[in-house]
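The structure that follows is given in the form of structure tokens.
Here the chain labels run A, B and C in written order, and each chain numbers its own residues starting at 1.
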Amino acid sequence: MQRFEFLGRFARNRGALVGACLILLVALMAAFASVFFPTDPLRIVGLPELWPGEDPEFPLGTDSLGRDILSMIVHGARATLLIGLFASAVATIIGVGVGAIAGYFGGWVDEIAMRAAELFQTIPNLIFVLTIVVILGSTLTNIVIAIGIVSWTPIARMTRAEFLSLRDREFVQACRSMGMSDFRIIVSEILPNALPPVIVLSSLVVAGAILFESAVSFLGLGDPNVASWGRLVGDGRQLIRSSWYICAIPGIAIMITVLCLNLVGDGLNDALNPKLRDR
Amino acid sequence: MAGELASPTPALRGSARRTAALRLLRRRLIQAVPLMLGVVIINFCLIQMAPGSFLELMTAENQVSDPATVALLRKTYGLDDPVWMQLLKYIWALLHFDFGFSYRQNMPVIQAIWIHLPATILLMVSSIALAISIGVAAGVVASMKVRTFWDSLVSIAAMFFYAAPSFWLGIMMIVLFSVKLGWLPVGGMMKIGGNGGVLDILHHLILPTLALGLFYAAIYTRVMRSSMLEVAQLDFVRTARAKGLSRNKVTIHHVLRNALLPVVTILGVQMGTVLAGSVVIESVFSWPGVGSLLFDSVSSRNYPVVLGIMVLGSLVVIAANIAVDLIYMWLDPRIEIR
Amino acid sequence: MTIKVSRRVFSAGILATGVVGTSRGSFAQGTPKRGGTLVATWGGGEPQACYVPAGGGSSPTFSSSKLFERLARRKMDGAFEGVLAESWKPSADFKTYTVKIRKGVKFHDGKDMTVDDVVYSVSEIWKKYAVASALTDFAGIDSPDADTVVFKYSNPTPEFFFASTLCSPVAYILPKHIYAGSDPVTNPANNAPIATGPWKFKEWVRGSHFEYVKNENYWKKDEPYLDRLIIRYVRDPAGRAAAMEAGDIHIGVFNPVAPPDIKRLTGTGKFVATPKGYEEAVWSTTLECNMRNPVFAKREVRQAMFHAVNREFIAKTVYYGYARPGTSPIYSPNKEFFTADTFKTGFDPKKAAALLDAAGFPKKADGKRFTLNLLSAGWFQENGKVGAYVKQALEDVGVGINLTVPDRPSSIKRIYTDYDFDLAISNQANPSEPVPSTTQYFTTDGILKGVPFRNASGYSNPDVDKLVASIKVETDPAKRKALVFEFQKIITQEAPLLPLVELESITLASTKVQNHSNDPNFLAASWGDLWLAS
């Protein structure tokens, strides 16, 4: 019943519905990339710089080395989505952890946690990501961790606020009087109630993470073994006079994905926080 | 003013407001100290984690192989001290505005940053100005014509610019306006060989400003729209309307001023992201600012400069936040010191 | 001879790829016009200092070579010509060289240049920083009288080798009165040099340009023709193309713009593009095998790496035709020492597979024989593309590849200090004289941990060491040539490191610029003879 209500509210937001469908499509594309394009997307398969449509074998053309752009976009979807999801997971784990502890215990723990959050908000985020990636090396893991590290603060604040409002409710006090451990109260009692707004934020962090990753890769600091969309834009940059489509196509892919994720985030917001609906 | 009279709490006035502002300023400045210390320590630790010392990279780059020279450089950069000593020395030097020496530019770090600062500030200021003016205007239009064609148009445009990566937007604008139409330069801050006339710089500023600013314009549009709609529901606005003031007058005098508050808040929070975003935009447009310097320094492992930019960047963010608090106070008289 | 060589280079590159070159051979016409300001740029970034005693790469070489002068230079026709030296002569045993120093040369601060400056520069700068590896047999320098210096060597030193040392790009004569007693690496004069050249340092606007002005007291009468020389740094090729198109920059050396822009700009008829002027600094993109990996113990495995790679493809696609397949560690424009008669490791994937099978590396169940870490040095954007292609080519013959493209500092460290690679794609630029620039990549004494652009493969072969030692002291030009030919045969067969492609560097200049590209290392020439037609 509740679930139907959720879906109904979500579906009422037409944008969110369209966004969700498109994201699903991108996800399917990512999942079945190897089925559509079994060979390595970074393989040189044709003449370099073929425009989209010039050769029916390469509907989106080829890049400066003769790699199939469509294949790179499809395989890139996987890399891009995975980076977004994992980075968001890292941010959510850190954010929920810090926020929950801060909000539940309050006092000096809260003070320290919030100062730490402020600290991470103070350092310009992308600069921090670039420095981490350069210093620790351009691997996918490092990029994911770096993005997670700069993205956790809003989640922590949100979680903390939820915990602050929930920690003195009757059901929590009841648990406490029953002698339940703090850890169990946090994880099994408060957290489930605090999660809905956090999920909305996490979905937005996925979109942000994709943008971060694309900027890192665009600047040439990405992982060279991965056909990420940002890197494709960066690779095509020197050729904007002759073959600007090499830049344009992956950029459109990034934009659509991020747009849809934002729409889904809005929809989740509507569905999960009905009181905020008209904002 | 009617709006203020209608406010829930009486406003602070005159000298009382001034002392309140000063108290706020003092408090914020004191809070900034541990924050800055944290920034310095985080960055310092990060650089300690780097595989290989920057000295190794530096000697490799300059092809210095003489052991005596290397030993001398080690001493110059204090690399023989224990790590905590290096950190203390660094903090001590920072207190004297000594950010270290950049071997690559062969000048003090602070000077290297200083040279690049005006270009970045120009880009940031113009982008923020663009973002606010577009954002506020579009947000107001959308909220006044809510659920009409104009509202949808604004919302769709905002969604697109919010989702488009700024570097990609920049490149696409170069393709259109520079390569295809030939109206605007592809990059740089002034004509090569030019001496930096104002018009020339403005000409070069247009595309980078758009690329960096439109993303924030999109955010402000969305925030402004929802904030306008929300404020319009508040009691004092209804009171003003009930008093028979015209719709436009109410909007401008009462709603707009109060609806600006969230925009100002976001602006403060985003100062850091604007600065960071300029790294990418400066790279796309060869804009000779701090972003370019950072990128060069990162790729030549010029850690003293990287550290210096991080610390200064954080300072800018803190300063911006304090400024926002003060502006907030000025915009919304209800707010006292939190 | 010269014409033949440059034609060959010319036709191999420019004409074959359909790029418009120039109708004139010499980029000079009529009598020089005086006056004017020339704005120049190059395909790289701003240097760390105007002059770097240890060389510091092409960027400081470009900026400092307009101010400082060497004892000698090489001309386009291959002959050597004195600059600050008037002549040099070996002794009968080739162990000492007597060099006459030019008289009447003044430094920019008005002080006379004397033999003391030469003695100081050679013993304190050349020997310690600038050309140390070419002076291993150097045993001291004397000045018997006010216009003579005597170089002493512990072994016979071939004339070509000696002259080439005098011509080395940063083998400058420095003012002793400014440098003596200081640490030359950090001397502030490195950022505002006092020298003897046709150009005087005026200003360095960081992030933008150097401004040099005419040296009124230059020893060569009439030069420089121009009043002012500006070296301007533009961050990206597109910006350089735009600036050249707008007429703001007259000349760009060392690939200033992207290949498609070369075609576009020369197509307007207002620009010429030429591969001339790089004969003494030919760049290549190399592939090297880390001998520390036991997989490479057999030379057939190393040969297989090269057989797997289509060098034509790299030249055509990655470099847009501005490159040609490399066949030998000595490059084809080197008319003294290059031979085409070497061991061939051309594109032949079947042979590569057969060699690997025979060497005891059959394909395993997963289709791979073994897996290697391929490091492509990220200092040139093209290297990343070459890396992507080599990865694919080797995977096609069953060699698994993990590709990394680290940035410049990390690449230098991982290749030349940590030896942290199995295969590395790097670059080198070599003059005609093979010792030591070329040979130090293959000799045992070239294995110097932490010193970049040396023997990083760890290849050590007593026969090669002995051969190089004899090349170094062989004073008979014909015999020496034969030894270098033998060196090339051995190295191409041993294949620890070989060029994949020889790069064709391009100078792009406005048709107004006269007398350019007239030096076999034009980037490092003094540019006193350039002038601008109206």
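Here, a residue touches a chain if its C-beta (ideal position, glycine included) is under 8 Å from a C-beta of that chain, and two chains touch if they have at least 3 such contacts.
The model shown is predicted, which means the values in this text are computed figures rather than measured ones.
K.L.:
Taking mean CA positions as centres, which chain lies farthest from subunit A?
P.N.:
C
K.L.:
Count the C-beta contact pairs for A-C and for B-C, then tell me which is higher.
P.N.:
Between B-C and A-C, contacts are more numerous in B-C.
K.L.:
Counting only Cα atoms for the centres, state how far subunit A is from subunit B in Å.
P.N.:
Roughly 23 Å separates the two chain centres.
K.L.:
Report, in whole Å, the distance between the mean C-alpha point of subunit A and the mean C-alpha point of subunit C.
P.N.:
Between these chains, centre-to-centre, one finds 46 Å.
K.L.:
Centroid from C-alpha atoms only, then distance subunit B to subunit C, rounded to Å. What do you get?
P.N.:
43
K.L.:
Quick check on subunit A: which residues sit in contact with 2+ other chains?
P.N.:
Subunit A, residues with two or more chain partners: 134, 240-241.
K.L.:
Counting only residues that touch at least 2 other chains, which ones in subunit B make the list?
P.N.:
Expected reply: 299, 301.
K.L.:
Which residues belonging to subunit C are in contact with no fewer than two other chains?
P.N.:
Within subunit C, the residues that touch at least two other chains are 238, 407.
K.L.:
Across the complex, what residues on subunit C touch subunit B?
P.N.:
Touch list, subunit C to subunit B: 39, 45, 48-49, 52, 54-57, 128-129, 183, 185, 190-191, 206-208, 230, 232, 234-236, 238-239, 242-243, 246, 248-249, 407-410, 412-413, 416-417, 448, 450-453.
K.L.:
Under the stated contact criterion, what part of subunit B meets subunit A in this complex?
P.N.:
34-35, 38-39, 42-43, 46-47, 49-51, 159-160, 162-169, 171-172, 174-175, 179, 226, 229-230, 269, 272-273, 275-277, 279-280, 283-284, 294-295, 298-299, 301, 306, 309-310, 313-314, 317-318
K.L.:
For the complex, give me every residue of subunit C touching subunit A.
P.N.:
Touch list, subunit C to subunit A: 237-238, 258, 260-261, 264, 317-318, 376, 378, 381, 384-385, 387-389, 391-392, 395, 402-407.
K.L.:
Enumerate the contact residues on subunit A facing subunit B in the complex.
P.N.:
Of all residues in subunit A, those touching subunit B are 115-116, 118-119, 121-128, 130-132, 134-137, 207, 211, 214-215, 218-219, 230, 233, 237, 240-241, 244, 247-248, 251, 254-256, 258-259, 262-263, 278-279.
K.L.:
Enumerate the contact residues on subunit B facing subunit C in the complex.
P.N.:
52, 56-66, 69, 72, 103-107, 115-116, 185-188, 191-194, 286, 288, 292, 296, 299-301
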